[in-house]
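What follows is chain A paired twice: with chain B in the first complex and chain C in the second.
Moving on, here comes the complex of A and B:
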């Protein structure tokens, strides 16, 4: 038993860490992921503490109505819009909606996609064929166009937009998870669990899914980014939240697109906000992809 | 009455191109506390037979005939749910590769508890205590501290011990070990075999040891079955098989293994040819194309297992004569 003891002693010197902690360690060593995480934390903080951070209310008229509103100044760092509202405050409050949109849309897509993907991947045969051909059909239509069609059918509105973008995301998630499950389904540890009498439901939920989920999580962060862009795009096309009091970055860009030359700050600053938040999500997504890559697991 | 009685078990795989005749009618019996060896080269149907016993063949595999009786019940007729009750509780299995047979995202405690919770209805605390006890049982030091560790924190030999702990958690009456030492290096192999040997002795478990390693059977098994192309071609006590192999294939296997007590210049003799293609098994002895002793009859008629000595059966029309046997006794157990 001395060999075993030596082995144990050697192992106890190593950091006692779990799989997810290993992934976290790798994530921490990735500067891109750190930058992304900082951006997203800042983004979330701005959204949560918007009332405290914003110098003015999002719909509060702090300047005069003006056909050509004033640009950045010491008093209003990002300028005013033509109704005399503070652009900085509007962007800060807009973060709430964008965050909500990103989380809800990606969540809707992730949830439905995961259910469909696991059912297809685990049961196989005709279930797989039926689900995956439907997904192929949805994938044949460009994602944005699909969201556009769904929101047209549902009618304009915030909830409708989030659901539409979410549904348009379903095929990606379903496909990804199905492939991942197919790869894991025949794994040795699944066979070992079967040999101990584990029922199918437990095989899927406790053994196969946790091993298949990493790429889906990565896709989730990337889907949040595209959801923000898609919702901004749909808002831009006038399908956004009908309530004029709701501040949304895409809508801000859309409303002022025609003033790009006379008052560029109305378009550029909300545009920057979109770009930066999406960049942050993409950086995190890429970092996660590397951290969770099974090929890198020792 | 035998604890486990397998009769004429046959397994086929349907692939898009052909039907694979993986197992073609094997029969054996297992008594309580007995250790049985099944030896053969890769792809001869060893592993498939054990998966078939547990009813966990891949989707395209099917048991086409035969009977598996365990404790008076016919396992092949049980429903899925009934079969799940047998797996892990009555019959359990240890797999070849401990590196891939443990779930990487679950602590080993959860994996050992799998069968305990299902079959013995233990709660979390009980299962945890039992897991610690089992880990101590299979010789994992500091079991209490390590029970929450993940598989990647264990070495290969330690993982195989964890696999054994999982398999014996509900004290199954039959333990099937499918190449339990193949993926491990030699020093660790001996340790793992020792763990198995102790378990069999102390728990009165019956052990089916599946391996391609003659040294492993020599050290552990009372009786051995030699398998080729999905059939048993020679069965007998391990010492008989080593001392007087009657089937040319068994003889070939023995000659292809180096021996410590061999004269210095003795050459290893590989078996000529390649294993049989299991898609096209017709009549005739499957080994005939590679056999020095093949007769006309070998090509035309499949030889059945026949007694050549008490307890020693061979499926061969032209068994190896005494004169051709190398001068060798049963080797010392290499496993001990």
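Moving on, here comes the complex of A and C:
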């Protein structure tokens, strides 16, 4: 082995204990995070393979119309609704919408927030002031209320609530990223890259952003959890998807809230579907936060 | 200290002006403009123009905004298009119900959350610690309306222990000088009414207080853990102080500092939660009022409600900052 090869081997050995590898190691030892990961993998699998997994179509009438629909039975494990549709199948198909809502809402918030936050943090001065003061204003309005206001303006509907919840998420991400970038901007490796003549855009995209991203990922997971809850809440208030063929968990709970006494299965099962999927995201988010927190590293 | 309060007060003014501007712009971006929003899509051209003239919408934007801001400063939020009454009057009528509910919820959250978090930290990584951490995660994973429905189902419908809707049994008569029913009952010296009102408060307060409880428990735990590893705690123990005294005077007192902030910061969450909780429990407060307004597309009420909620949040943040400066000298002098 030549000296160069030996040095390369040594370097790759050092690479092994990076932030992400350490984080992954810690995540693997955290039973909560494992449980969360399992829940989310199952949740995503159900959403993706819904047509194969569901015994019936979400809007297929498999039983009789009934004012008081039958509860769980051997044939229909989660019972039927008043239109004779299979609740289990509806919940399985509902997973698609919840997953979509979580990903899109958090994605909208993260993307816009990241752009605003990094621009503010990187350019500083008046850009920073203008962006961050606007974010402060948005933060003064409680998040769910902000989303509520935006949906009221846009009108009810699936796309509208996803956009609304996403926009309501923007200030958090913007603040987080700005703070993280401010901390990184003065770091030695950024100074080194700058003195080597790296242009501003490259500094931001190749050096600062990748190193500021850890807290954003944690926040992203937790934002997905909140998004699912908020969308269900908006749906509960009657602002959700207007199309009756779309099955959404929050809407299922809302439509049957008055039947809690006569047919509790119509409310409890979709409700617990929300709780379990949100719990999964919260468990992972928490695990990630602990795993990525450098303070806990030692 | 005085300088700090003044500076903090002055900082609030641009925030409030900015907020009013945001809401002003928001209403102007409504589909079809405020005229259509007020009258509905089937309004005739003439009636739309008439109402826009009446609202001053034909004037230049700058003068519209200054008029709007002037009204806002005088506490004029416009009139509801459904009831034709001033939005401020309706708001003040219903606000006590929401405050009462929010206060009860916070009381529940603090009374359970602080001891829970503290004990969890003292038993760090023990069974109780893990159980309370997991429990609080479950707590924040519950959509508030679902929790409210379950509580209502179990304790009101199935067990029949507590009433399921409203603030008081409908047939009961009670004078309402303050609209805070608990205070009204106390003022009247009516024990039966007080019991009735408190019974109606329990379920909504638990539903609304559960998420703040989970957050407060986690913060208390984290803060206590921080303080427990401080040098002054070790010193206090090393010099042979009674462990109970160390816990009370050194640990708890310092650990509660961040908790105070968090309690203040829950106001937004409480107001938001009130929208959903009040809907489930038919609670006649600001939250259910807003939901009705949304369904009726009563934009004056929605707009007024949002400005008001934001105002409350800004003011509580101000109070939290100032009280924090009282509690923590390090902030006062920075």
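Note that the second predicted complex is superposed on the first by the 276 of 298 C-alpha atoms of A that agree within 3 Å, B and C clash if a C-alpha of one lies under 4 Å from a C-alpha of the other, contacts with A are read in each partner's own complex, and residues count from 1 in each chain.
As a working rule, a residue touches a chain if its C-beta (ideal position, glycine included) is under 8 Å from a C-beta of that chain, and two chains touch if they have at least 3 such contacts.
Note that the coordinates shown come from a computational prediction; the quantities given were computed from them, not determined experimentally.
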item	value
First, second, both or neither for A:275, with chain B first and chain C second	second
Partner chain(s) touched by A:136 [first = chain B, second = chain C, both, neither]	second
Contacts of A:186 with chain B and chain C, given as first, second, both or neither	first
Chain A: partner with more touched residues, chain B or chain C	C
Partner chain in contact with A:232 - chain B first, chain C second, else both or neither	second
Which of chain B and chain C A:198 touches, first, second, both or neither	first
Contacts of A:206 with chain B and chain C, given as first, second, both or neither	first
Contacts of A:164 with chain B and chain C, given as first, second, both or neither	neither
Intersection of the chain A residues that touch chain B with those that touch chain C	none
Residues of chain B defined as touching chain A within the complex	51, 54, 56, 58-59, 81, 84-89, 92-93, 95, 97, 100-107, 110-111, 114-115, 118-119, 139-142, 145-146, 149-150, 152-155, 157-158, 163, 166-167, 169, 187-188, 191
Of chain C, residues touching chain A in the complex	14-15, 18-19, 22, 26, 29-31, 134, 137-138, 140-146, 149-150, 152-153, 157, 268-269, 271-272, 275-276, 279-280, 290-291, 294-295, 297, 299, 302, 306, 309-310, 313-314, 317
Complex contact set, residues of chain A against chain B	1, 3-5, 7-8, 11-12, 14, 16, 18-19, 124, 186-189, 191-199, 206-207, 210-211, 297-298
Chain C-facing residues of chain A, complex	32, 133-134, 136-138, 140-145, 148-149, 152-155, 225, 229, 232-233, 236-239, 250, 253-254, 257, 260-261, 264, 267-268, 271, 274-275, 278-279, 282-283, 286
